[in-house]
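Following are the structures in question.
In what follows, chain A forms one complex with chain B and a second complex with chain C.
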Partner chain A sequence: MKRIRDFINRADIRRFRFWLQLFFFVLFIYGGYFAINLGNSIPVFSCGYDRQVGGMCYFLPLQHQLARPLDVLFSAASISVLIGFITFLLWFVVFNKAWCGYACPLGTMQDWLTGLRKKMGIRYSTYTQPQFDKLKKIKYIMLALVILAPMGVGMGILGGEWRTAFCEICPGRMITPLFVGDVSQWSLDFSTKTAMILTTLGLIFTGLFVIGSFVKKRFFCFFCPMSAMHYIFSDAALLKLKKDGDKCTKCGDCYNVCDMQIKDIADDVKSTNILRDDCILCMKCVAACPEDDALHVDILNMKLFSSTKGGFAKRMQMDKLEKKDD
Partner chain B sequence: MTEHKIETSRERQNRHKAMEAASVLEKIKHNFKEPPRAMSYFYDLYERVNCKHESLHVDKAKVGTMCIQVPSEIIYALDAVPLRLCNGFYTDDEIGSDLLPSKSCPLVKATVGQFASNNFSDKPDVIISPTTCDQKAKSGAIIEGMGFSVYDMEFPRTKESHESREYWRRSVRKFTKDLSIDLNKKLTKKSLKESIKKVGYAQHLYHKLNILRKNTASPILGKDMFLVTNAFFFDKIDNWIDAMENLVQECEQRVETQVNAASKMSPRIVYTGSPPIFPNLKIPLLIEQSDAIIVADETCSSNRMFNDMISVDEWFVNDMIDSIADRYLKGCTCPIFTKNSDRKRRIIDLVRDYKADGVIYQAFAGCQVYEMEQRSVLEAMQKAQIPILYLESDYSPSQSGQLTTRIEAFVESLKNRKRRG
Partner chain C sequence: MVNFIKRDKDDIYAKPLLGVLFKNQKFLTILKIAISMLFLYALYFGFTHTGKENTFTTAVFWGIFWSLFMVLTLPTFGRIFCGICPHGFMGKYITKYGLKKTMPKWLQNRYIGVFLLVFGWWGVYYMFPNLFRTPLGTAILFAVMTLIAFIVYFLYKDMSYCKYICPIGTLTRAYSKLSFTWLGTYKSACNDCRTFECATACPYNLKPFTFDNRNSMTDCTLCMDCSSACEAVSFKYKNPSFSLFSKFQVLKAEVWAFILILASISITMSFHHGIGRSNAAGDMIWSKTAEFLKHYIDFGAIDPIGLFAFVYALIFTILAAVIGMFIAAKILKKDFNTVFYDLGYSYAPLFILGSIAHSFEMFFLKGYEHIAEGFAYGFGFTLDVAPLANRGDGWLHVFDLLKWVAIIWALIILYKRVKLLDVSRLRKIAAFPFAASLIIFFLAVNMYVGYIFKTYGKASNGHASHGGVERVNKKSEKQDLPTFIKPEFSDTIYFSEINPTAEKKSYGGGHSHGGARGRVATKEVWPVFEDAEGKKNCLGALEAKLYLLDANLNTKEATVSKDAGCKSVTFEMPDNGYYNLFYVNKDVKDNTLYITTAKYEFLRFNHSNYAIYDKKKMDAHTIKEAPFDILRVREDDETFFHALYSGKKLRVKVVLEEEAIEGADVTLSTKTLWSKTLKTDKNGVATFTLIEDYFPNWNEFNKRYKNEFLLSASYVKDVSGVDNERQYQKINYSATYPSYYYPNERGYKSYAYGLSAAVLIMIISGFVIYMYRTRREKPFKEVRFDEEN
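Let's turn to the complex of A and B:
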């Protein structure tokens, strides 16, 4: 048992993550080719506009469901809405936000863009702390759009083109279908003024997505409403990111590697549950922590992956020295 | 007819320093249970450098550092050698006393004293003075006044804020650039990555040795650990690494065969406060001569120098420099910072982790920041029900009688507690 644990704690998490991300990417984007369908309550941006999707992003059905007239929405006829939501929760509670760090196709694409930038030898950019504090609120506005816009349609306040307003502006709608050779989403909808504005915004956000995640790691995740939605339920999740503040020296190694620039991971020594709303549970922080057991990922209160001195040295290639003859 | 030679002041200083060093080394070598064989490298090293005044770095540019905050990774990457100038000699302390206020810290006095006498076995070409405590910051200017080339490296006195992080990162970037120009050497991605890994490996070895002290039978005494870590101030890093590899290996064997460097009832001590620097190992020696054992420490001449490690996400020069900067600021528990909650947490964690029976907190008379933190640390320890002894000392060899009595009484009380269970 101890040996298995040692093996996991010394693992090269980057490689593990790369392959797992690739697996989920293929599963979600090309699942249709293999007749895989995991339903349409998946808690990641595996876009329903992709015809071969192997499991659909929960937001597309959710928006359609919420756009029902109010009396239908709150009647027994909407039991399917509830079932969809419960399915979403069931998927979510197992892996918590690791969905973002390991399974989300849109997240994976951003990591690939990061990889491309690294290959080109270009340095990443970061936000300053005040910028960060302001920007991180946008995802809640987006979540409000996901929920309120279709309800507005249901109530008859907004026109039908608001039904899937978020999808119209989501970069996933335009980019994901490209992977199966579908370019039909790359057009502006001139049918109504609103549709035109929304699809134009979609085009702009898609451009921002590509440029943004090239210069800034996980650029889009700051604004992702799914991430906000996750956070609301993350306390109930089985997989947890934990911190033992007594063991933390606040050295900031975790913060340094954090794609999401979460400062609490290094500075908060009081919380035991250290998962924050921006977190994508990629576990890079755990891998970069040089203190034994200061950070760990638990499943059902069992330590799954812990920070260790030995694991840190191994991953940083500091456990041996290539000796040169000089 | 025999020729009479009058001893120059430099020769006299060297004779005094050699005597100081030799007498401490004698004690370290012979007054205790047999040390690990691999320690002989370190004993020899101190003898060569401090008794025979041998130069170690003839062919390299030497960068003197006045505090641990100067990143050695950058200095090594520029093909120079960092030499930590924090000094433990009473001879130099006395020379420095004439130049600084009487209530100054002996470490600062000794450091300034060494410059005043301009007596180095390895003379630094440039001195980097981070603006840490008042006394060190001001003595940089005094040293410059003596004709040395001193570079002030700006260091923030708070570390929690985003601004201080940015400020220090900028300061380190500027330092890198200026030193690179000064040494006429370009910093490359490869050289920086190599030096980060090399220093990281040295730290890794330190940790490997250090965690062995968690065993009920610790394989190595604190006085030897201080010698090992102090040697990192000035030794050739490759030699240090080789010697450390041997020492780790031997101590691992000692743990297997359950060799105890102390005795079964020896109380286990966490040492904190002003840094013991060779040959001023007065307090650690008194503690271990009183049948206690130092199992961990929280000082800048030892644990704090090695503990926090650098993590880099993307190995570009700028990212590496930023990571380096963070490592020297964020985890630092130096009392010069406004708040000290990190230091208190650290001491308590060490006590728990190393199963210590008590803490000894030593402050140099004149080290204001350590003196000022004393009360709050004592309170925190009381709250955590950890016995603690606070001592004030300096470099003078005369005062040990009173200190011995206090330390022995403390150790005795810890033993009683242990017996009662």
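Let's turn to the complex of A and C:
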């Protein structure tokens, strides 16, 4: 048991993550070719506009369901909405926000762009703290759009183009189908003014997505409504990121490796549950922590992966460094 | 006594406007006097104007007081109604000069009030629905209540009427626990207090300084007398229903009030007014019981259906609560009473939030009109206002959301209250669903009402209190039956998705919405023909045979609608796939046998993930019952999402006796009167290109515009024979196939602009980021001072 634990704690989480991300990327983007279908309540942006999708992003069916006329929505049909939502919760509860860090195809694409940038030797950008505090609120506005726009359609206030308003402006709709050779989403829809504005916004966000995630790690995840939705239910999740404040030396290593610039991970020594709304549970912070058990990922209150001195030394290749000094 | 205190941020007394509204004694006294005057005036008016034209009395009592103001304020601000209640206001002064006796023990029973409300009011209401609706009935009811109140106030001390006799006393006390306000005191000031002004000022003999510690405001009616006696009294914003999340001394009558009121209002209304308005009303147990007992008992003026709906609602609700809690108590290994009364508080949101939804809906539909016109009448001028909404307005359903909020809120309260129990976690989890039995029951009743309406539909004679339904039906009866012309042989008959005589286009062309799972979608079509003027006529009688080829390639006969008027054909579509409806007619005239086929093809797809596109089944099929037929040849890459677009090719195959035929004439004619005729090739196929003939203004463009067209084929064969003892020398075959196509994507989508927009944004944002970063990272420049100067 101890040996297994040691093995996990000393594992090279980066390589593990790369392969797992690749696996999920293929599963979600090309799943249709292997006749895989995990349903349409997947809590990541595996876009339903990709015809070969191996499991659909929950927002597309959610928006369609909420766009039903209100009398239909609040009658027996709400059972189907509830079933979809419960399936979403069941998927989500197991992995918590690790869906973002390990499974989301759009996140994986951003990580690959980051890798490309690294290879080219270009430095990454960061936000200042005040900028960051303002920008992180955008995702809740997006979540409101996901829920309210289709309901407006159902009420008859908004036109039919608003049915999937968020999907229209989501970069995933344009980028994901590219991987199966479908460029039909790269167009402006001139059929109505609303459709034109929404598709134009979508293309603008796509452009920003590509450039933004090239210079800023996980650029889009700050604005992702799925991340906001995850956070609302994250207390109920089985997988948890925890911190033992007594063991923390506030060295700031975790903050430095964090793709999402979450300051609390280093600063907050009081709360045990350190998962914040921006967190993607990539576990980089746990891998980078040099203190024993200061940060750990728990599943059902059992330690799954925790920070250790040994693991830190191995990942930092300290033995090699020491040899060099000789 | 404290004369000044620094108030917390969340203290309502410290807010500029709300502070005056809730604390200023002068304002409150004037308000209370005004409301008492209004109350007495409405009573007086009810006695003097007993006719139906007196809408004022009913507007005051049934428009504002109950249920709008009550249900709106109880779960929000709390018992503020009690604070301004005319009985309480006047009772305070009556008690002051009264006998101040202690109430006898048998009267100190909160169930008196609860039972008065449930049986004395709601039971009577369901038995004699129109009794209290008249101004005189209302006035008598409230006059009697006022008389009783004044006698009790005069005899006994401490406002005992409010606590024990008032029908809504226990109700308001119970439901106000959901509110986000809290009357408490500042502990720092109260610790040194030895005079207790707040307690002496209280007409109810309560101790406001203990409210925070007890986590209960007990019988406080928010009359705000204490807040004028001492500044240390606070009135704060809190989280809604926060007091229910921790322990307090439970009051059994409150839990029973939750259950009985839920039963007598929400559940009975769902039974009697909800399901009672559907076509399935007669099959329900309360209707059956009433029918059965009618043979033995003479009910007289009593409405037996309402009475039994009420009785069954009470039985079902109480059983749901008690059985669930009993099992939960067994699982928790605790005394039933503690479990029942501790967890019973979670029922609180169910009735009150559902009622808010109903009250709001009624306010917009007719309450506003009633109140405005009633007050105008009461004060002697006339006013005519339109209701704020009409029955059937979609946005009204947004209030239904509150029912879901109620259920979720109830489950949260239950969760928090289960958490307080000291038993093992596993037992708590196991007991939770049973403790939630009444909440689940409430959910189930709501779902069931929706299901009943979906399946059986609304009854044509609407419920008396919901007049909107009746009006609609009268209108449809008035509609004159059109006179039908019999089609000539030269007329082409085809199926239309729209009833040509209907005034308004029916929603979705008769195609039922696929929203509800488990319900079979149907489609209704009308066989029509066009006369010389191009006007669509429908058929008054149908002699032709009708066949339906379903998605699983089974052929069966279809039936035509039975009611008078335009004949239509309705068929069910349980599976995904193509449904083909055939109309086959044979007739002999002028030595010619006319064989007419009209075909209607519809692709049913419910957007299911598990639907499989089986090419064999989805292929175009004909049936042997139709001698002459048009088939739309499927392309190789068709899916369930197939649709026709302008600019695309349309291949049509003509079949005679199930064999493709060469040389038949096929005509495609669009609604814009463009038409083209082709002869079929040796495979029996003719190929059309769908033209672009939809040219609206840009801002009126509709990408779902259906450009309807009709395919008609004809073929003449020189064969002589006999049909029904009539001789013919040749056979004239004709067939029709209506369909529609959408504007081409290229008409409104631009890939070039799309790509350039994205690329442009990439270049600009890349450049901006580059500029920003190079500027920020300016190399350090050393500034040297010239030391010589």
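Methods note: the second predicted complex is superposed on the first by the 318 of 326 C-alpha atoms of A that agree within 3 Å, B and C clash if a C-alpha of one lies under 4 Å from a C-alpha of the other, contacts with A are read in each partner's own complex, and residues count from 1 in each chain.
By definition in this document, a contact is a pair of C-beta atoms (placed from the backbone, for glycine too) under 8 Å apart; a residue touches a chain by one contact, two chains touch by 3 or more.
On a predicted model such as this, the values are computed, not experimentally measured, just so you know.
S.K.: Could you say whether A:128 touches chain B, chain C, both of them, or neither, answering first, second, both or neither?
M.R.: first
S.K.: Looking at A:253, would you say it contacts chain B, chain C, both, or neither? Reply first, second, both or neither.
M.R.: The answer is first: A:253 touches chain B but not chain C.
S.K.: Could you tell me if A:235 is touching chain B, chain C, both of them or neither one (first, second, both, neither)?
M.R.: Touch status of A:235: no partner.
S.K.: Mind working out whether A:12 is in touch with chain B, chain C, both or neither, as first, second, both or neither?
M.R.: A:12: touches no partner chain.
S.K.: Between chain B and chain C, whom does A:212 touch in the aligned arrangement: first, second, both, or neither?
M.R.: The second partner, chain C, only.
S.K.: For A:154, is the partner it touches chain B (first), chain C (second), both, or none of the two (neither)?
M.R.: After superposing on A, A:154 lies in contact with chain C but is clear of chain B.
S.K.: Check the residue A:204 against both partner chains and state whether it touches chain B (first), chain C (second), both, or neither.
M.R.: second
S.K.: Applying the touch criterion given at the start, work out whether A:318 contacts chain B, chain C, both or neither, answering first, second, both or neither.
M.R.: The first partner, chain B, only.
S.K.: See if chain A has more residues touched by chain B or by chain C, and give me that chain.
M.R.: If we count touched residues of chain A for both partners, the winner is C.
S.K.: Name the residues of chain A shared by its contacts with chain B and its contacts with chain C.
M.R.: Common to the two interfaces on chain A: residues 123.
S.K.: Report the residues of chain A in contact with chain B in the complex, numbered from low to high.
M.R.: 118, 121, 123-124, 128-130, 245-257, 263, 266-267, 269, 284, 288, 290, 309, 312-313, 316-321
S.K.: Spell out the part of chain A that touches chain C in their complex, as residue ranges.
M.R.: Those residues of chain A that touch chain C are 37, 39-40, 68-80, 123, 125, 151, 154-157, 160, 174, 183, 186-193, 199-200, 203-204, 206-208, 210-212, 214-215.
S.K.: Once bound in the complex, which stretches of chain C touch chain A?
M.R.: Where chain C meets chain A, its residues are 394-398, 400-401, 403-404, 447, 450-451, 453-454, 513, 515-517, 609, 698-699, 701-704, 748-751, 753-755, 757-762, 765-766, 769, 773.
S.K.: Quick one: which bits of chain B touch chain A in the complex? Just the residue numbers, please.
M.R.: Interface residues on the chain B side: 160, 162, 165-166, 197-198, 200-201, 203-204, 207, 211, 241, 307-314, 316, 318-319, 322-323, 326-327, 330-331, 333, 342, 345-346, 348-349, 352.
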